[in-house]
C-alpha cells in the first residue's frame, strides 16, 4: 500500500479509501518524528501531529478566522472518524457472514460488533447536541466560503448506506442527479462498487434463509403456524359474531375490519404473492428469510436461537438509530439553514424524506405484524434441536 | 498566522500548534493532495487523507492486526480532537476574560462558549459507553505492544487541566514523579508554561472580585447579609430553646449542633480567617470573589446579574462533568485492566482519587452552604443598578 | 387536606411492600400507616402508598400476570408524571408571560423553567430506550386486554400540545374523528378549553411584537435591514454577472436561481403578503413578532437582548425535541406493533406524520432563512438602549 | 381484586384536571369518575387520579406554595416508581436463578431483564440533569419544611442495595447508627429480611460455581491455566534477564516488579489463600465461582458460553452504573446543599464514600487482572461441550 500523505517529493500518491477500510489494514504512514527507537509515545502512536494540524479554516485563509469554523471542522472530522470505524466493523461482520455456513462460535463476534456500531451511532446522535451550540448567525459568517463543498459529499457515509443495504432504486434524486455525481471520480467508483457488492442486508437475508429448523423432514413451521393462526382467527370471529352488545350494523363493521386484518395476516402464508411484493419493492426479505425471522422471534427462548434473535434485535436498533440520526440531522439543518438550500447541498425536506425511506431492515420492524402471542404459539417438536447441526448454518 | 497546510511551493511551513490553539508545538504539515483550484471538496476541506490514514495499529506492524486495536486508536483520536476543541474554546474565553473590564456584550459569548465546552464534555462521557464495547480480553491481545505509551501522556488533557485552573500542588504524584516527567521535552515545556500562566480560574476570580454592586459608597452587602443571618439564627435558636417536646439533654445537644452550624456559616463574615484558609489551601477563591459569587446567587433575578449568574452555573457544570468523566474513566480502567497497573500507566485508584481532588471551582459548589432563603434575604437598595456602569466590569 | 384514599372506616388493610414487589402482583390499596404527628417521613411525603400500589395489571385480573405488563404500566405512569410537571412549568411560564409588560427580572425565571421543560423532554426521549426493552412478543401477551384504552387518550399530552400552541386546524383527524372524541367528557372539555385559551405561542408572539427596539422615533429596523440586504444582493448579482468562468447559459441559470432566492428573502420586507401567508396558514408569527425574532437573532450580543435571545433558542430546542420524541415514538410503535394499527389506537404512519406538522414554533426555525452575516449586518443606533425602558416590555 | 380507591358510596368529588395543573396546587383526592363498565380507559388503567394527585407540597400547607417543591416531589416519585420496577425485575431474575439447575432456555430471560435494569439505571443517571435544573436557592425556599424526612429513608433503594448483594458489614454507619434506624418499623423489618435472604450476588455465585466445564473427569481448567501462565511468565522473565539495554540495577528493579506481578497473578491458583481472602473480606466470590467467571471470559466464543458471558457483562454494567449514579448523586448533593449536612440526612462525603465501597460484583471487575491473551490461552479439549448437559446447570 502506498504512502498516505507524503512529503513534497512524493507524487501525491492517492490512497483509495476502500483499501483502508475493506481489510482493516492500514498503509504506511508518513514517517513519524524522530523518537527514541525503543519507546512508544502516546502522541506518536495516535499521529496527533497530523490530526491536530488538519484543521485549516477557509475563513483564516480569507484573512480573518471565524471562531466557529474551527469547531465546525472538528465536528465533521470526528464524524468521519466514526464513519470509518463503522466501516471497519461492518466489513469485519460481513466477512464473517459471507461464509457458506457461519460457525456458531462466530455469532458472538457478529453480535458484539453490531452492538458496537449501534453504540457509535448513539454517540453520533448525541453529537448533534454539540453541533447545535453553533447558531445560524455564527454559521453564516463562513458558510459561503465552503461552497460548493457539502456533507452530501461524504463518501464514507455513502459507503455505510450501501454496505448496510440501501438500494440505489430507493434513493432520492436531487434535481434528477444521482448522488455519485457530486463525488470525486475515485470516490464515485468506490461508491458504485459498494452498490454492486453484497451488503449486510444480503448476507443477513441469505443466512436467515438457511436457518435449518424452519423446515425439516418431519416439521414445517409455516404449516403449523397457519393452523394456529387459523384457530386463533376462528375464535376471534366467533367472539364478534356472538357478542351480545353489538347490533347488526356494528357487528358487520367489526367483522369487516376483522376479516381485513385476517387477510393482512395471511400474507405471511402466501409465498407466491410475497415474492410478487418483493419484485414490486413492497418488501425486501425473501419469503424464506422472513419466515426465519418470524421463527426466531417466536422461539427465541431456545438456547440455540438466543444469540441469532439478539442479532435481529440489534439490526433493528441500528436501522432505528440511523433513522433517528437522519431526522435529527434534518431538524438541525432546518434551524441552521432555514428552508433555502444551503451549504449542506441538501435541505431539510430532503433529509427528512430520506429518514423514512432509507431503512434496509424495515421488514424486521414488520415482523410484529405477524406474531401471535405465546399462548397461541404452536409448540416445537421435541427433537428439533437434537444433534450439533444447529450450531453452524 | 501562517498557512496551516501549504501548496507544494511552500517550504513546508512549520505551524506550531499554539498558533492554532494557544501554545502546543506541532511540526510540519505534509502537503495536501493537488485539487482543482476553484472548487472546494468536502474530503479535502476536512483533510480526510490525513485523518483516515492516521490509524497504524502496532499489532499489524508486529505481524497480525488485532481487530480492536483499530477501534482503540479511533476512540483516542476522537478524544484528542475534542480536547483540541476544548482548548480552542477555553483560550478564546480566557482572551475575553483577561481584559481589564469585560464589556457586558461579551458575556453572552463567554457563556455560550463555556456551554459548548460543557456539551463536548457530555459527549466525552457518553463515549465511554462506546469504549466499553471492548472487553479486557480484546485489549490484552495488543495491550503489551503499546507500552510504555499511556493516556497519562495526553499533553492536551494536561493543558486542559491547567488552563481550567488545576494547581500543581493539588496533583497526585505517581511514585514521587511529577506528571511532566512522562512527556516529551517540548510537551513538558508547554505544560509547565500553562502552569505559570493565568488560568480560567484566575480570570473568573479576578472578574468576580471586581463586581461593582457588592460594595458601594452607601451599601455593603457583607454587613447587610450578616445582619440578616444573625436575625435568622436568633429565630432558630429561640425555637430550640422554647421547644416544648425537648428534654434538657436533647435541647442541649440540638443547641450544640445548631451553634456549630452557625459558626460554620459565620466563616463567610470573617475576612481574615478566610484569607488564612486560602493560604492553607482549604479554599481557593479570595474573600471578595466568593462574596461576589454569593451575591450573584442570591440576586440572580436582577437583569444585570442574570447572565453572570448563568456563567457561574456553567462553571459548576463543567467541573461536575469533568469529575464524572474521571470517575467513569476510573471504573472503565478497573474493568479493563483489573487492579494491576496496566498500559494506561495509571490504575483505577489513581484515577478515582483525582476525581475528588481536581475540582478547581469547588468553592462554587460550596456557595450553597452560605445561602439564606429568599424570605430571609436582605433587600437591595433601590438605586443599586442605576447608571450604565454595571454593563461592564 | 383530606385523606387521599381510604378512610378510617376502611378495613385499613396493611400491605407490606415486599408483598407488592416479590410477586409483581398488586393488592388492595391500603390506608397509610399511622405516623408520629410531628415528623415527616419520606414515604408519606411522596405518598408512596398510592404510587406503588397504583399498578394493577389487567393480565393479573384475567388470571395470570404477564411480567411485562407491570413494566408497561410503570413506563406510562412515569411519562404521565413528567407530563404533569411539564404542565406545571408551562402554566407558570404562561402566567408570567400573560402580563401586559414582562419585567426584565422575570425573564430569568421564564428561561430557567423553559430549560427545565427541555431537560424533561430529553429524559422522555431517553425513556424510549427503556420501553424498547419490551419486545413485540412480550407486548402481545397482554396487548388485547388493554383495548380500547390507548395512549391516544392521554389528556395531559393533549393539554401540553394545545398549551404549547398546536392548532386544532393542524391536527390530523383519525378516520374523520376529532381527537376529543376518544376522551372522557370532562377530559374532553378540559382539552377544548385549552384550545380556546391563549397558548405559550400566543404569549411569545405578543411579547415579541411589543419589543421596543425594533422601531423607535428615529430608527426603523426593517428599513435599515432592507437597505443592507439590497446592497448585499447587488454585490452577489454583480459577482455572477462578471464571473469570467461562466458561459451565457450558466450565467443565466445562476442568475435565475439567485433572483429566486432574493425574492424569497424579500418576503421579510413585505408586510402585506406576510399577513396573507399568516391568514393562509403558511406562517404563524405576525409580521411584527417575526421581525423582532430576526432582530434578536442579529443583535443578541446586546446585554439587554442576551436573555430574550436565549428564550428564543430554548423554544426551538423544545419544539425540536418534541418532534424527535414523536419520531422516536413512531419508530417504537412500528417495531412493537408492526404496521397494523394496534392498541395505541394509532399507527406508525399517524405518529410519524404528526412529527412534521405539529411544530408551533416552526417560524423560529425559519429565521435562519432571513439572516445576513455579521459583516453585512446594519449597525444599531448608539442610543437605542439608553434609558431603563428596555428592562421591561 | 378490590377497587383501588373510592366506591360508589363516595360523594364522587370531581376534580377537574386543570384545577390541579393550573396553579400547581393539589386539591383533595377524588374518586374516579363513573365509567362505562365494559371499556377500559387509559386514565383509569394507569390510576392517574391517584398519581396526579399525590403531590402535596409542604410549602403549600404552610401557606405559600414554592414552585420548585412540586418539581422536587415529582422527581422523587418517578425515582421511586423506577426503584419499584427494578425490584420487580430483580425479584423475577432471582426466582429463576434460585433454581437448583437453571435451564438454558431461561438464561435469555435473565439476560434481557438484567439489561432492562441497566437501561432503567441509565435513565436514572440522566434524571440527575433534570433535578439539577433546581438551584440551591430554590431548594432553600422549602428545604427546612421537609425535615427530618430524607432520601436516606428510601426503603426501596435499601431493598435494591440488599437484593443486589450489598452486605451490612460493608455499609457506612452514620454517627454510629445503622441505616435501619431511620425507617418506619415495618420498613425496617422488610429491609432486615432482605439482608437475610439470598441476594442476586448469592445466586450468581452459586450458579457460577456449578459451571460444569471448568472441571471434568479428564480436564481441569485451573491446571491447564497455571501451566500456560507459567510458560508466559518464563518468557517474560527471560526477556528482562536478557535485555541488552538494561544495566544491572535497572534489570534488578524490573525483575522485582515483574515477580511481584507474577505473585499477584498467582493468587488465582492458590485456593486456600483465596478462601482466606474471602473470609477476611478482601474478596467475595468463592474460588470456584471466580474460576468459572475467568473461564467464561476466556472462552466466551463457545456457543454455550456466549449468553452466560453476556450475563457477566451486564452484571458489571449494573454495578458500574449504580456506582456512577452514587457519584453523580454525591456531586448533586454538594452543589445543592454545600458541605453542611442537609435535608438529605446525608452529605456529599457520605454519598461519595458509598460509591466506591458498595459494589457487590467488584470481583467481576477484577477478572481482568487474571486474564492471558488469546495467543497464550490454553486450548479446550475437543469434546468438552459434547452432550446436552451443558444446556442446563
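As written, the chain order gives the labels A, B, C and D, with residue 1 at the start of each chain.
The working rule: contacts are C-beta pairs under 8 Å (C-beta built on N, C-alpha and C of every residue); 3 or more make two chains touch, one makes a residue touch a chain.
As the structure is a prediction and not an experimental result, all values here were calculated from the model.
Participant: With centres defined as the mean of C-alpha atoms, identify the chain lying farthest from chain B.
Facilitator: Relative to chain B, the chain with the farthest C-alpha centre is A.
Participant: Could you compare the number of C-beta pairs in contact for B-D with that for A-B and name the larger?
Facilitator: Greater number of contacting C-beta pairs: A-B.
Participant: Any idea how many Å lie between the Cα centroids of chain B and chain C?
Facilitator: 33
Participant: Just curious, how far off is chain B from chain A if you go by their C-alpha centres, in Å?
Facilitator: 37
Participant: For chain B versus chain D, what separation do you get between their C-alpha means, in angstrom?
Facilitator: Centre-to-centre distance between chain B and chain D: 30 Å.
Participant: Mind pulling the chain D residues that touch 2 or more other chains?
Facilitator: 300
Participant: Going by the contact rule at the top, pick out the chain D residues touching chain A in the complex.
Facilitator: Residue positions touching the partner: 38, 104-109, 111, 245, 300-304, 306-307, 309, 386, 388, 391.
Participant: What does chain B use to touch chain D in their complex?
Facilitator: 135-137, 140-141, 143-144, 261, 264, 297-298, 300, 313, 316, 320, 323-324, 327-328, 331, 334-340, 352, 355-356, 364-375
Participant: Where on chain D does chain C make contact in their complex?
Facilitator: Answer in residue numbers: 1-2, 4-6, 14, 16-18, 20-24, 28-29, 33, 35, 39-48, 50-56, 58, 61, 67, 70-71, 73-74, 76-78, 80-82, 84-85, 87-89, 91-92, 112, 115-116, 119-120, 122-123, 126-127, 129-130, 133, 146-156, 159, 184, 186-187, 190, 193-194.
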